[in-house]
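So, here's a batch of structures to check.
Each of the next two complexes has chain A plus one other chain: chain B in the first, chain C in the second.
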Partner chain A sequence: MTALDVTDLHVSTVDDTPVLRGVSYSIEPGEILALVGESGSGKTTAGLAALGHFRTGLKAVSGSVLASSCGGAPSDVLALPEKQRRALRGRVISYIPQDPALSLNHSLRIGKQIAEVLEVHGYPGSVEDRVRETLTEVGLPSDTEYQRRYPHQLSGGQQQRVGIAMAFAWKPSVVVLDEPTTGLDVTTQALILETVAKLAAEQDTAALYITHDLAVVAQIAHRVAVMYSGEIVESGAARQVLHEPQHSYTRALMAAVPGIEGPVGRSEAEEPDEDVVLRAERIEVSYADTKVLRGVDLAVRRGESVLLLGESGSGKTTLSRSLCGLIEKCTGTVTLDGNPLSASARKRSCEQLRDVQYVFQSPFSSLNPRRTIAESVEVPLRQLTDLDKDQRRKRVAEVLEQVRLDPEYADRLPGGLSGGQRQRAAIARALVTTPKVLVCDEVTSALDVSVQATILELLGELRTELGMSILFVTHNIALARHVADRIAVLREGLIVEQGTVDRVLDAPEHEYTRELLANTPKL
Partner chain B sequence: MIRMILRRLLISVLVLLVVSILVFVATLLLPGDPARAILGTQATPERIAALQEHMHLNVPVWQRYFDWLSGVLTGDLGFSTSTQGSVNTLLADRIGASLVLLIASAVISTPIGLVVGTWSAIRAGRTSDHVVSGFSLVIAALPEFVIGVALVVLFSTSVFKLLPSVTLSPPGTPVWERPTQLVLPVLTLVLVVTPYIVRMMRATMIEVLASGSVEMARLKGIPERIVLFRHALPQASGPVAQVIALQLAWLAGGVVVVEFLFRYPGIGAALIDAVNNRDVQVVQAITLLIAGVYVVVNLLADVVGIVTNPRLRTEVAK
Partner chain C sequence: MSGGLLRRALGLRQAKIGLTLTGIVVLLAVAGALFGNMITGYQPDDFSGKPFHANGMAGTDGVGRDVLTRFLDGGLDLLGYGLAATAIGVLLGAALGMLAGYTGGWLDGLIMRGSDVLLSIPQLVFALLAIAMIGPKGWLLILVIGITHAPRVARVARQTTVGVIGQDYIKAAQLYGMPRRRILLREVLPNITGPLMVELGLRLTYSIGYVASLSFLGLGIQPPAADWGLMINENRIALVVQPWGVVLPVLAIAVLTVGTNLITDSLAAAAARRTTEES
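So, the complex of A and B:
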């Protein structure tokens, strides 16, 4: 018997723009269906519809969502009166959100938040016992002291486990998981995926796993449905869809996924002694009592791309900001072409500032929403050069062309651009002063895979064209062969391993690097 | 948590001390010599000198400050030159009268503001929400004396003649013996304060109701009433408490205008009289009192913020 059967679901915005155009999928008990698509494809809407929930501004037009609780007759979630629909939520169909930091209630203790879902639906047994049991099932301590913690007293991975515990507390017949591992480290992600797979199998729960990460799909899903602009364009067994994609969109999506394999061998020398552009020595930074960086040495040679790899909390952003003079209390020395740089950007000369430029993680927050793209790109020229208005305008047009951004976007506000176009504009702003070193801090992690691929390609071309060096900061080891010559692995404020990409990936020396490679999902 | 509250308390005491210095210095800067003001233009230099000595105006400023401060700390607010009596007895009744205004306005406006704001947030975008928003914006834009005069015109002079427009208590009898005369002053203050609370509550609640944690609570199948009371309201209460505190603190100063308008025998009216009469120690006492109310309500708002936000009161455990 099917646990969840969605048939010909049409959803539109309140002003009748279609969002889902006839989506159908079904999941058997114990089966994991991955719903794959890029942002804006409607995958979250399709997932939330399983709970009969539509976010503000959306409405269901037609279609049916049949859910059956174990042994019961199927009922149409969309047709039920509000009260009965509510009785299904959390008990028969449950939901695991993308970001537990936003979805857990920060003023309630976690034990209470799990107990709550049992209490409101009238759990027949002892709520207390069941809370303890679920906490153990997801691999968390179950003692009273732990249950009395607040969400902010847990790490991101632990918070997501609490989210999973809430979802599986009632042993539901359907669980909807909305990108539950986005934002988690690969090691934590691997543990979470394992927990979900185990619980779904044990409780015979049908799981809908929404994600954009095809490598995760390969690891966890039995079947895959690929969504593109509100429609399911391809579906089938995971192995088949991933290895013999039929639809052209699926093929393009697969091609865009960076694999740990990929082109081999680009750089030669192991020791970066000669022609160093940017060198950092004994960099240390502490916040209050915590040492974030504990003596980091790093060198970037002319024209070279170095991948700085680290998980969240490793200090990688602190390091990249220190190099740019954004962390004034850092100690140690940073030299550019042999000349020392001040720890404070305010004390650096215009020339020095021009030579080291920074691209931020999210193009959605790093561009001023009230300035046109051309105005934003012009800012470094105004601040750091003596160019007059005409020269500046010429240079802006030139650099926009370099990042392959159509000139028609120059006078638009960031709101009128897609994520990938915005990141191109942000890169243009960094390139406009022709820097010697470009520091890219997780520049693709806010973007879809297909957009990520084009940005990586652009950075590679720019490096060859302009002969500049790149420090590419990321948590994603799979990008290494696509952007870098060398890798430096940062862990808890120390570089634990450094070497050419081939050497580090093929013969990792440090235990931690080996662990990261093992936990990185592969297609 | 106790340590944080104690810290705030200590800071409040320091703030009050600084305020006492400012108040003292400010009254020194009031134009004119108090002795000359009391005796009038016909006074001889000898009489002025005698009065100056009587009022300790000839001792050094810092010594006068410490004398005054030690008096305030031991509960003696000084001597009122214009009424020839102790400031304590002069203010005793008036503080009571003003507190009645303040507390009545706070007790009425806070719950109304919270309930109307929440209701408006739940119905965001509908007609009733637009009506509430528009109405509260209009009222918030009106100064208190305009509201007061409008109420007088409406309820006691031109349209209806239901309520007294001025307070007519014989001296010595408490104002609350005739409750009708309290209605208009309280109503004025309530109308001034409530719109801000409504608007802040509405904005905060809309944000909280759209947050991930409220969506999650709904997806857990929790009844809407529990979602509201357990998940949404506690998250909104911190920021709103700050606004309520600001409004209550404003009330302490705002009574000056309203009391003047309704001839209400409270500290506001007393302050105006005292400034006119160069009654320095009364001015000092009242200003310090109003500053004290400011500090105390803000302290209370901080405490509410600390209590409702576990992130402020618990350590991050690893």
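So, the complex of A and C:
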């Protein structure tokens, strides 16, 4: 008997634009089905439909969602009145949201929050015992002391485990997980995935795992359904879909995923003293009493690409911003071609500013929404060069062409562009002054994998065309072989390991690097 | 662009109503001041008959001047004073608020705590104090009302600026060595026009109310000039006998403030919707 059976589900917006065009999937008890797709594919809508929930502005047109509680008769979630549907949620069908920090109530102790789920539906046994049991099941301490903690006293991974405990408290027959590990670093992600897989197997729960991360899918899912523009284009056993994709979209998607294997042997021997463009020595930054960077040394040679690897909180963004003069209170020396740079961008000369450029993480926040793309790209020229208006316009057109952005977008506002196009525009802005060093801070983390692949390709091409150096800051070790010659691993404000890509990936010296490699999900 | 905001706001029904109401009163005030005596045949200071008599369309006032003539003539000053006070308040407040929000630190503290002090004094009382000291002069009226608006606008401007400067495009501008003044004008200001437009409308409504109130109290526009606030005061003793002298200016002020308020509301709604669409 299937636990969840969704048949021919059609969903559209209120003004009748179709969002889902006949989606069907079913999950057996104890099975994990991954629903994958890129942003806008409708995967979240299809997943939330299992709960009978539709986001504001969406409505179900036709189709059925049959959910059966253990041993009970299946009920059509969509046909039920709101009150009965609510009685199912949390008990028979439960939900684990993406961001645990937002979904937990900040002013309720965690023990009470888990108890609430049980009390709301009238748990037959002892609520206290069950809370203790679920906490143990997700691998958290279950003593009263721990239950009295507030969400902010837990780490991100622990918060997500509390979320999982709440979802599994009633031993539901269906659990919907909406990208539950997206905000977490790989080590925590591995633990969370393990917990989910274990619980689903133990409690015979059907799990629907919504994600865009194919590597995670490979690790956890039994079956995979690939969504593309509101339809399931391919589904089947995880191994089969991931390794022998049938549909062209799935194949394209798989090809875009950067594998840790990648091309080998691009980088030559290590000679860090030779031809260094940008050198940072003893960089220290502290906020109040917290030392974010504790004496970092880093060198980037001419034409070289260095991957700065670090998890959230390692200080990688602080380091990259210090190099560009965005963090005034950093101490230590940054030199460009042997000349010292000031810690504040304001005190650097125009030439120095032109030579070190920075691309921000999110293209949604790095472009002024009230300026057209061409205006934004022109800003550095206007501030840092003596070019006149015509020359500037010519240069802007040139660089937009370099980043393969259609000239018709030049006079549009960022709101009219997709994420990938915006990031191209942001890269164009950084390239417009022909820098010697380009610092890219997590430039692909806000983008879909297929877009990520094109941006990485673009950066690689630009590097060979322009002969500039790139400092590529990321948390994703899988990108290393695709973009970098050398890797520097940053952990808690210190560089723990440095070396050529091949050396670090094949024979990591530091314990931490080994741990990272072990926890990185592979296809 | 704020052009987009205006267009979006004008699509709302209440904006159309507000604009019509405001338009009627503004047209009345401007045309009345220019062509009033051609329509009624009297100058605002001419005596047309006995006091509080039914001469002409709306009768005469306490000293026998034609009420309709004075009504037509009395709106322009009020409108002009209100606009000027609003302009001063919004410009000053926006500049201070953006500076405080962008710079932070002690300057932020100084500006915002200073404006808290000003906020703690009721606007009308502050105006009364200044006028009692210096005397009822037009420029003083504008200046005082403008200054009392500034801290209110500054709070809004600071709040929205703080929200904007966390964005990466401000950091990008700093990275390109853009001077502070330019960052404020070119990067921050275009992104906070929504809330500032709302504030502009709101302050205009208040300004009109304050100028009329002060004139009513005899501290604003001075007799023998014709003015709506002043007319209410002059004619209120004969409300039962000759109500037009009070009713006409009251109606005009009410319609004007309701109109500007409706426009403000729709601007606020449009700005809020724009924010949700962009996020």
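Note that in this section the second predicted complex is superposed on the first by the 523 of 523 C-alpha atoms of A that agree within 3 Å, B and C clash if a C-alpha of one lies under 4 Å from a C-alpha of the other, contacts with A are read in each partner's own complex, and residues count from 1 in each chain.
Convention: contacts are C-beta pairs under 8 Å (C-beta built on N, C-alpha and C of every residue); 3 or more make two chains touch, one makes a residue touch a chain.
A quick note: this is a predicted structure, and the numbers were derived from the prediction, not measured.
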Touched partner set for A:S107, first chain B, second chain C, both or neither: first
Contacts of A:R429 with chain B and chain C, given as first, second, both or neither: second
Partner chain in contact with A:M166 - chain B first, chain C second, else both or neither: first
Which of chain B and chain C A:N368 touches, first, second, both or neither: second
Which superposed partner A:C324 touches (first chain B, second chain C, both, neither): second
Partner chain(s) touched by A:F360 [first = chain B, second = chain C, both, neither]: second
Partner chain(s) touched by A:S248 [first = chain B, second = chain C, both, neither]: neither
First, second, both or neither for A:A345, with chain B first and chain C second: second
Chain A residues contacted in one complex by chain B, in the other by chain C: none
In the complex, chain A residues that touch chain C: 321, 324-326, 345-346, 348, 350, 353, 357-358, 360-362, 365-371, 376, 379-380, 383-384, 415, 429
For the chain B and chain A complex, residues of the former touching the latter: 210-213, 215-223, 226, 230-231, 234-235, 308-311, 314-318
Contact footprint of chain B on chain A as seen in their complex: 48, 51, 53, 55-56, 86-91, 94-95, 97, 99, 102-108, 116-117, 120-121, 149-150, 152-153, 155, 166
Touching residues (chain side chain C, partner chain A) in the complex: 1, 167-169, 171-178, 187, 190-191, 278
